[in-house]
Amino acid sequence: MWTFITRRLLYMIPILFGVLLLTYVIFFTVNDPQSVARTKLGGVKASEAQVTEWLVVNGYAEYGPSGKKKKELAISGHGEPDEIMVKLTDIEMHSDVVLFWNYVKGLFTFNFGKDNEGREVSEILKEGVIPSLRLVLPGFIIAQLAAIFFALFAALYRNTKIDRTLLIASVLMMSISPVAIILFLQKFLANEWHYFPVCGYDDDLLNGIRFLALPTLIYVVVSLGSEIRFNRIVILDEIGQDYVRTARAKGVSQNSMLFKHVFRNSLIPFITHWVVALPFLYLGSLLLERFFAIPGLGDLTIRAVGNSDVNVIRALVFIGTVLYMFGTLMGDVLYALADPRIKLR
Amino acid sequence: MALVACMLDSCRRTSPVIVALLFVTLFTSVSCQPPLEVDGDVSVIRRATSTDPKTIDPHEAGDVLSSTMCGLAYDQLLEYVYFSQDAELKPCLAAKMPEVSPDALDYIFTIRDDIYFQDDECFPGGKGRKLVVQDIEYSFKRFATLVDSPGYWVLQGKIKDLDGWRSRVLALSSESDNSPETEKRRNEVFEQKVSGISILDDHRIRFTLTEPYPQFLYAITLSYGAIVPREAAQYYGDKFSENPVGTGPYKLREWRHDKHLIWDKNPTYREEYYPIVPEKLHLPAGMPTRESFLPYQGKRLPLSDRVVVQVLKEAQVSWFQFQSGHIDTSLLDKDTFTTAVQNQTKLTSGMAGKGIRLTYYPSPTISYLSFNMDDPVVGTPAGVKGAAIRKALSLSFDQADYIKRYLQGQGEPATMLIPPGVFGYNDSYQYRWARYAPEEGIRLLKDAGFIVEQKGGTVVTKDPKTGEQLQLLVVQAGQSTASADYARYLNFSGARIGIRVDSEQVTYSEYLKRQQNGIGQAYDSGWIMDYPDPQNMMQLLYGPNAKTINSSSYNSSRYNQLYEAMSSIDHTSPATSAADIQRKKDLVVEMHRVLDDDCPWLIQYFDKTYVLTHAWQNTTLPNHFAYNIYKYRYSDPRLRIDLAGDWNKADALPGILFACLVVTVIVMFVARIVRQE
Amino acid sequence: MLHREAYHKLRKDKIVVVCFAVIVVCAVLAVIAPLVGNPSQDYRGIDEVTKIERPYHPPTLLIALSGTANGEPLTDEQKKAFGEGLLSAAAWRLPLGADLDGRNVLVMVIHGLQKAFLIGVITTVLAILIAVPIGAAAGYFGGLIDDAIVWFYTTLASVPHLLLLIAVLQSVPGEWKAKLGLFIVLIVIGVTTWVGLARLIRAEFLKHKQRDYVLAARALGVGHGRIIFAHILPNVSHLVIITFTLGFVSSVNLEVFLSFVSIGIPPSEPTWGQMIAKGKDELSRDPSIWWPLTSATVFLFVLSLAFSIFGDALRDALDPKLRT
């Protein structure tokens, strides 16, 4: 068991390395620091000296010989402004290896740097993760419980019209665009009929429930369809197993068979499914957060992309990846614990 | 299973009516909709923004929202006169207008003696101290040495010795070298005297310029000229941008990023009163009437106790919140426009019935297409041919039609570069190419030697050398529906004169890079004026500004000369003669005549802003250059509750109908199960 | 490689047949979309039938049923004119109305359908083209090749998909985006979604390479390429078909999402995502212009539904053990 976990943890190293390399290539080589600097420094109004200074101050480059000379001249307190005004030709951009190394070092010390507006990324993430989880976690749990309930129901009446209706209903729910669900439910339930607040968020948990009620409802509606379908297949799969047939042949009643045996055995795939899905929840829900003005990470992601906010995106990717890898590891371990037939190697 | 069975059973037995009632109570009485926030007698201004403010550090605030937020907490030496239509300045932290030396190089400011900073924990004992003249020096030095500030261009090369001193400080602020010695050295250099900024005595400070800079007073009235206390900047360090400490009317209580900002009235704010409304206040259509300002005359500022700014990212959501009275004002974008406004000037009856007011006014913002004058096809290298393409395209663009279609009338066709209401605007001048005359454009193309083929409605203009259709690629920043509309319209316009106009939408940073390196034939651009001096607009075509703000790299020696002459005249100074003021106006027109020959821009429209305000908030006079107008805003809490108190009552009927539907479905389902069993 | 048995199974199910018919009709519509009309044609102006000026136009049927247009009741004259003209072709020129730009919603929706098919087909085909050789090579050859490939796709799969997609889209050079427009998005979706299929293919190949028929072929000296493509691949082709139908729907929905958060898709493309994104703003008007949004949503719904049901049935028929 422990050897398995150690092996898996070791196995994570090359994967993590790969992910880092991938994100580095995507974010660093393509978004060159100069254009980041210009965007940051007021666009067309930025002067060359400003951009140069910015690149050095932010650790993308260092002064070359000519730049160092200018700097010394500046420190000495003499020298005309023209002489000490740095230019882009006065600096040497750091090589990819150095930048990649700095990048890796930063990520592992959880020093994600600052966002475009100069705020610490780790602080932003800390602030945003709670609202995101408050929205998504209850939604996820409710959706899973409801999905299991309906899936058992469908399995109980499998191959009847009830099963068929439920299945079609869930495919119907899957097929409605989530965007449309949000738009219509928000417009009617909140704005027209005033059953829910249009938007808002409250740090106080109890007070916040009324704001989260509608987005949670929408989250459940959006995810229920595919979850029912998935769970139904898992349960039906289990019903098809030999031991179920044996049990039924022995005269075990339909209901007790379904609940005692099938449900318990289906728990294994369910748990793996949850453990793998959970890490992704930290990102919240991109659209819901935007529409309901919830200050979470989902909307942050969209904004970071829009602003090409490299530090934020790579922090999100890095955390997402690490969580995902631990999630899969946990899933495998749980799988093994729940099912003695599986041997860990 | 017992549970399930029990549930099904109870469903079957209970009369559907009871279930329906249950749902109705659930939907109505336990409705989650909170009532309108009740404020008692506390006057709260509520507004929404579509993004979180970038910063509340006034020296880094380059955008409108950040500047507005800074305007709540900070003051500058001067401010705009509230009831002035020619953007006059008046003393704010200064006791009087500065004394200017005859050579217009020395500006001596005397500061007021009764100004205190807001109470804050950065001060000893938490009590805000009195403003001293050293704060002025410190603030300008701080602004000059912020590496991240987008605003240094307003002082660059203008104040004696400042640039050199700045380079010395910045040379010591590299991140690769942050040893204590460098730090110490940096502080030493920072404390060095800058000869352009000198303290004369306890109340007076002198700015010495390198050359006459008539826009200087406007420049330091921007957010960048805000006066900050050294204690706060040092105490908060990096977090200073989230902890504003100024002399302004409001003090930040809470900033929850991406959610809201709450500002409370500053209890130690200086004694300041709402100005007397001038007798001759004539405001154009769309603006409030003189009478609406009278009730506030002589009241102590700030008028309201609190300002709440909500971050609502979806336009639709902030529109919902406005309709239900959760926010006081709504900037009308074109998408909500027809809901509220008929014929561009009148509110719809539904809106007017709620007591909502509409104001609209032009804003000093121009949208234009700047041709790259270095381009071999449309630029100077192409000579007459390039000019013909630029002019023809300009003539093919129907400003009025574009505004009607895509801006829902929220714009004014641009007749020159200077927007109405700004000094230098001349209504008798008309930019030669800013009109709709595609036939003339075709003629120009023919005269320049292009082959124009007109076959039943479609026009194709070909280059005689290659025999291929003329093509133009426009670079646009960002992807939005608006930019797509614009791209479509340009394409449509080009088709009228047989030129194929395509556009390329790139990220903002890529867009900047293109301009910098002169890649691209034309750029979709716009400019929001920073201060009401025509220089601010005309600099966009000044030769030496090529590749930076002069995106078309236009360089005409005549224009440059005129520009230099024009920008050196200070039309605001009492020392300037009337003849010189007139000369400045004439120079602006003359510069336009140069542009008439070359047509480096296709000018489109000036923005017009539409604002809806609920009855409980007073009307404020729009001033695009002033960011401190919140102190003149008042929101009547009682009137708000009277009017909007029941705009949020839950509507029972749809809930009942929905409940019935749900019950029917459940009953049918249960019935089916029962049959099955 | 549809097995005959599966085909019979599918044909017996009426709903599946209906879904298949819907897909076929949609495909035909997508192909003939250019014949239906030009989506950017502008219909604003005076309506010939009702004689009212309109910035946009509600669906004809809606006018007929409600007796109002643009929130204003029709005058008697207009009603009369409308009643008389109702049978003329002009009245039904805009069966689903026109949007704020005066564009015919029906034509837009059909062009959107064409784009949806482009999106669905190109992304899934691309993903299959990447996944099949990679998965096959990993499963068949094993050893170092397998390790390298598994490392590569695990790395890709470890990055949350949406983030990966957004990040890659963000980093595509502007020139490519300008030249390729929508296609760049399709390519990016394609190259980021192949991992699931590659895993399945690899697992199948691992199983099949120990089977007798493969061992026999090898003993006879058949080349690796031939064994992979001619012998094993036909036996796992059902995976490809299933992935195609299910991947199609998710790609189309992904486009809607990306358009909605305005990432990647040029706003000038008449896709459903763009219609929904634009329609969202029009919804908050009063009277709201809900028909462009609703039409796009309904068409999207129908297509997704048909594909999902058909895909499910196909999977059940071809490989009852498989679950996705």
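Just so it is clear, A, B and C label the chains in written order, and each chain counts residues from 1 on its own.
Quick note on the criterion: contacts are C-beta pairs under 8 Å (C-beta built on N, C-alpha and C of every residue); 3 or more make two chains touch, one makes a residue touch a chain.
Here the structure is a predicted model, which is why all the values come from computation and not from measurement.
*Asks:* Determine which two chains are connected by the greatest number of contacting C-beta pairs.
*Replies:* A-B
*Asks:* If every chain is reduced to the average of its C-alpha atoms, which one ends up farthest from chain A?
*Replies:* Checked the centroid distances; the maximum from chain A is B.
*Asks:* Express in whole angstrom the distance between the two chain centres, defined as the mean CA positions of chain A and chain C.
*Replies:* 25
*Asks:* Between chain B and chain C, what is the gap in Å from one C-alpha centre to the other?
*Replies:* Once rounded, the distance between the two centres reads 40 Å.
*Asks:* Please tell me the distance, in whole Å, between the geometric centres of chain A and chain B computed from their C-alpha atoms.
*Replies:* So the centre of chain A lies 33 Å away from the centre of chain B.
*Asks:* Which chain B residues touch at least two other chains?
*Replies:* 320, 507, 510
*Asks:* Touching at least two other chains at once: which residues of chain C meet that condition?
*Replies:* If we look for residues of chain C contacting two or more partner chains, we find 170, 262, 280, 283-284.
*Asks:* Please list all residues of chain A that touch 2 or more other chains.
*Replies:* Counting only residues that touch two or more other chains, chain A contributes 31, 187, 308.
*Asks:* Could you pull out which chain C residues touch chain B in their complex?
*Replies:* Residues of chain C touching chain B: 40, 55, 101, 170, 174-175, 177-178, 262, 265-268, 277-278, 280-286.
*Asks:* Spell out the part of chain A that touches chain C in their complex, as residue ranges.
*Replies:* 14-15, 18-19, 22-23, 26-27, 30-31, 168, 171-172, 174-180, 183, 187, 229-230, 233-234, 237, 280, 283, 286-287, 301-302, 305-306, 308, 313, 316-317, 320-321, 324-325
*Asks:* What part of chain A is in contact with chain B in the complex they form?
*Replies:* By the definition above, chain A touches chain B via 31, 34-36, 38-47, 49-50, 53-54, 56-59, 62-63, 70-71, 74-75, 77, 79-81, 84-86, 116-119, 124, 127-128, 149, 153, 157, 160-162, 165, 186-188, 190-199, 201, 203, 209-211, 213-214, 255-256, 258-259, 290-293, 295, 299-300, 303, 308.
*Asks:* Looking at the complex, which residues from chain C come into contact with chain A?
*Replies:* 15, 151-152, 154-156, 158-160, 162-164, 166-168, 170-171, 173, 249, 253, 256-257, 260-263, 276, 280, 283-284, 293, 297, 300-302, 304-305, 308-309, 312, 321, 323
*Asks:* Looking at the complex, which residues from chain B come into contact with chain C?
*Replies:* 315-316, 319-320, 335-336, 338-339, 348, 350, 405, 473, 479-481, 483-485, 487-488, 504-507, 510, 514
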